[in-house]
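You will see subunit A twice below: alongside subunit B first, and alongside subunit C after that.
This part shows the complex of A and B:
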């Protein structure tokens, strides 16, 4: 048996396809991206090494990058905080009800599996200035019955974080809160009921048991969900791309991913785009490390 | 809970609280279902009635929106492309992923732990970072504007989570089963095919559904790699429904319906497995 499981040929045969794909399509390209980011590289030309000039430009001269960075970080903080709170509340409520748990769970989770591109189009329509929500509110008597006086949900560019970004943040919350909820529920259902029974005998209220038992026990999952949210919101692309027609807000609603897309594939600045990609990668790695360092504690045996 | 000493007052309070909880949950469910229902209704209207009364029911059902989106909007082709891309990705990533997972979980070699970490790091890398090098490389190989060009990155990005979940499933299979198979004269390959895979069927199902859903909805890679109308996948074709030339919203909504119906059907049929899959990876972490 042991000899069979140490069969070198079999090991190589089993691991090789995945390893080759992974190295060729993921790791070598990452290295290449780092190299390109140090080059002046336009499509159809050879890359020319220019050192860190792309990064200097990115962080000092590029106004859109500053906006994109601000928007992305806002998205990240917004989604980490709101998903944590809403996800926990939903999970706590759903684990405590008796009837209809599966129904509610499946309904809240549904948008997670649907295409962001499709949902983006839907929400774009809902937030159109003259149609959708404004018209509904106007018919209920808001804005003096005139829907054109309503807020320009997707076109207002005033303020530090512009209104469209807030709107899209809420749409993203609507779409993805199911995922956080599901993760927390999975973890809560893993907690033995004995622990709760013991706490009730000791005179613990339901509220107390949530804060003193559930929360500490699901802390490892909080870390996982938070890093998933952080990475997911940094990578955010589909919803923004589909909800805000290109060029409408003169890049005021750009995030890192959309900025990368325009620079690399509209202006064919491949080197510059790679630098944005590397910044995105570094941000993702930093967030994962930070969250796991500060939130993750030793997991308890349950 | 064995709290038999509950006084009736507390019971009453609990009932009021639960009424509030249900009211809240139902309201929230409406916020989730209403927009989707509205898509269904709007997709059956025509633009004139939509502009006049966007929230009303259609007076006259317009199936034409669907046929327009399907043929003129190229969604028929896009659907076929999406099916080819996701189907191929599904099969190949499940095969390669479970092979690698088997090697990591059950075969004995020194570097298996390191290989696992190597694959896990892949989960943290955003696809955006490698988009440019891949684009350059694949254009060089003549893979741009071909379905294979997007299938390869899709497989690669499905691998880490597949391996992660499958390792968990394979580790759960007791070694005795393999030992007895060994005594019966099974080779390693036969063990993988006749013992490991059948016992980890749930895992395969779960990872398969997950990667299918993720790739079905993927927009960025498909958009960058494919510009030929005949090769576009569903999410890419959808984005063409907005823009300066297209203002027929009813047709756009019909297109949205076409794009999300397959996922909704899959979700209704496999809700439990999908949910399990999307949490399984994280729970074990």
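This part shows the complex of A and C:
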């Protein structure tokens, strides 16, 4: 093995497939997107270089971008916080129950493996004005028995963060909490039982052992899960696209990814869409760096 | 040495599988459909059989058949439409499927058409993606307007004048039907016809005659009479109007009518002789708010299908919609409902000097790709959509206004078509959907959104600011 590692040809051969693929499907397209973001590029027309005009427009004149940024950042904070708390609680509970652990693990993880498009449709029906929740509440005697008088879950556009964004945040939490739970569980089951036994001998309660042993020891995974959540919620697209009708409620329910989609594919402004894509990429990079900087990960020997 | 050889082999294997994984998916769909008909053709021994196999095909088939019949190779073309040809209940879509089936049958072994189906919401996205990838479908459907203009100007759609001037044009009712498909003043292959219309639909007001009678409401001629009728219907316990603001163009169609009836001229806005803060637009906004008290309570969230269903399920008395709704209504409604449906033209606005006989009309049109490998096959396919069988079907079953001089049996056609025809014949002139007639698709979408905001209660002057800003920045430069 050592000999192999010193052989430059072998190294190149082994790296080549990954490198070629990475360059071909990721690096070159990203560079191209950065270039297009500096162009006036309408679909079917030739790109024309216009400097940073797209970015100036994006940050000074585009009101939808401001809303999209606000919604995306709300999504990110909401999902980081709720997934951290709910994921940890579920993981802690499941590692402590004796019966049915695998069953519940599967139950919580199940939404994760389902297609977001199908889930979006499903939840859209649940929150439709005449179906689902409203009908159920109406049959229980709410809204004077008339389901059309119930809250417009997916269409109300009042408030700073509008109701549909809250609704979709909860759906997203429901969908992805299983993933965070799995990550935490994997890390928790890696903690040696010796550590816990020692703590119990020293008179530690279950609650104390969670806060003083489990939490510090799974910190590296917290950082990983948070980064994944942050990136995932910044580029969040499918549920919103499927649950909110075309136009995204006059762009009030837009997030960065849907704004990108509308500009690039609905209005054929590929250059402008690329600029939004670049902003999204930069945001994801910033978030990852920030999380890795502030959630200090020391590794302990377990 | 052995290790070295092994490592090289493994690397090669890994790279090969990775590349194979990427490659095969892209190649497969293109290869498969072509392979089948080719096999059919091979079984079909030679060129003589090809012509015999299609006795049903009339002279159109014959003159096209001569050219490449000897080659024995099937010319494979694609057709893209905004509905699922297999699953749709829409009668017009079923007619499209029939045209393609007839084409494939008549030209078996010579031409073959494979439809690419999608849904309306994603249609232009998918089409643009195919165009950008250099895989423009040979024949594709489009609505006249900003999108089609782009296709004509950038050389995506082919100019069809040569085919039309070959005697084909005389089949159509008048040259006016091509107005929506004529483009290319500053691009493409120069000015000419880039799209063939398949049918005409006019936006009208559909109403439930039974409910109107019961409530003692009269067919309104003016806006204030419309409000009266709605009031009577509401007092009687009916939902007067069903409309969709969830599908924004449905609401903006009504807004377009109101703007026009108030006397707005879109060209004036384009030329910046007036702007979106024009009192006529503001007035239209206020009228939408006034009308909205008679909409179904869930109008903000209902999509077009739900809103239309509320009409044919007898939940609401009035539906303001394009006459394509006839196909949708008759494809889904209960027996006997069609007899209860009446149609009237959108009412005039009291005190306005604007012409009250203008009608919003729209035609589905077919374009042929300028880069099509088999333009003759593609044009031949288009001909199957406007031949007598297809046009008869359009009127008698689909309930849309045909574009050719076909004789159809008015007694079999849906009763609503007659009323729509009356409205259409009385029209002094037609105009397009506002959202498709503005500077570009983004302007159209902005217009839609502005009126949804107005409907939700925002002050018209504030709600119209986005479209004003958009024109300020992009159109009136």
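By definition in this document, the second predicted complex is superposed on the first by the 285 of 302 C-alpha atoms of A that agree within 3 Å, B and C clash if a C-alpha of one lies under 4 Å from a C-alpha of the other, contacts with A are read in each partner's own complex, and residues count from 1 in each chain.
Heads up, the rule we're going with is that a residue touches a chain if its C-beta (ideal position, glycine included) is under 8 Å from a C-beta of that chain, and two chains touch if they have at least 3 such contacts.
None of these values were measured; they are calculated from a predicted model.
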Self-check item: Superposition on subunit A - do subunit B and subunit C clash or fit
Solution: clash
Quiz item: Which of the two, subunit B or subunit C, is in touch with more residues of subunit A?
Solution: B
Practice problem: Have a look at where A:140 lands relative to subunit B and subunit C in the superposition and call it first, second, both or neither. | Solution: neither
Quiz item: Between subunit B (first) and subunit C (second), which, if any, makes contact with A:115: first, second, both or neither?
Solution: first
Quiz item: Once the shared chain is lined up, is A:224 touching subunit B (first), subunit C (second), both, or neither of them?
Solution: first
Quiz item: For A:149, is the partner it touches subunit B (first), subunit C (second), both, or none of the two (neither)?
Solution: second
Practice problem: Check whether A:238 is in contact with subunit B, with subunit C, with both or with neither, and answer first, second, both or neither. | Solution: first
Practice problem: Kindly list the residues of subunit A that each of subunit B and subunit C touches, one partner per complex. | Solution: 4, 7, 10, 13-14, 17, 21, 245, 265
Practice problem: Going by the contact rule at the top, pick out the subunit A residues touching subunit B in the complex. | Solution: 1-2, 4-8, 10-11, 13-15, 17-19, 21-22, 25-26, 28-30, 32-33, 36, 93-94, 96-97, 100, 103-119, 121-126, 131-132, 135-136, 174, 179, 182-183, 186-187, 190, 196-197, 200-201, 220-221, 224-225, 228, 231, 234-235, 237-238, 241-242, 245, 256-257, 260-261, 264-265, 270, 273-274, 277-278, 280-281, 284-285, 288
Exercise. Write out the stretch or stretches of subunit A touching subunit C in their complex.
Key: 4, 7, 10, 13-14, 16-17, 20-21, 42-45, 61, 63, 128-130, 148-149, 152, 154-155, 157, 245-247, 249-251, 265-269
Quiz item: Hey, which residues of subunit C end up touching subunit A in the complex?
Solution: 3-4, 7-8, 11, 14-15, 18, 121, 124-125, 128-129, 131-132, 150-151, 154, 156, 246-248, 296-298, 300-303, 306, 440-442, 445, 448-450, 452-453, 456, 466, 473
Self-check item: Residue ranges of subunit B in contact with subunit A within the complex
Solution: 1-3, 18, 21-22, 24-25, 28-29, 31-33, 35-36, 38-39, 50-51, 54-55, 95-97, 99-100, 102-104, 106-109, 115, 118-119, 122, 124-137, 152-153, 155-157, 159, 163, 178-179, 182-183, 187-189, 191-192, 213, 216-217, 219-220, 224, 234-235, 238-239, 241-244, 249, 252-253, 256, 259-260, 263-264, 266-267, 271, 274-275, 278-279, 282-283, 285
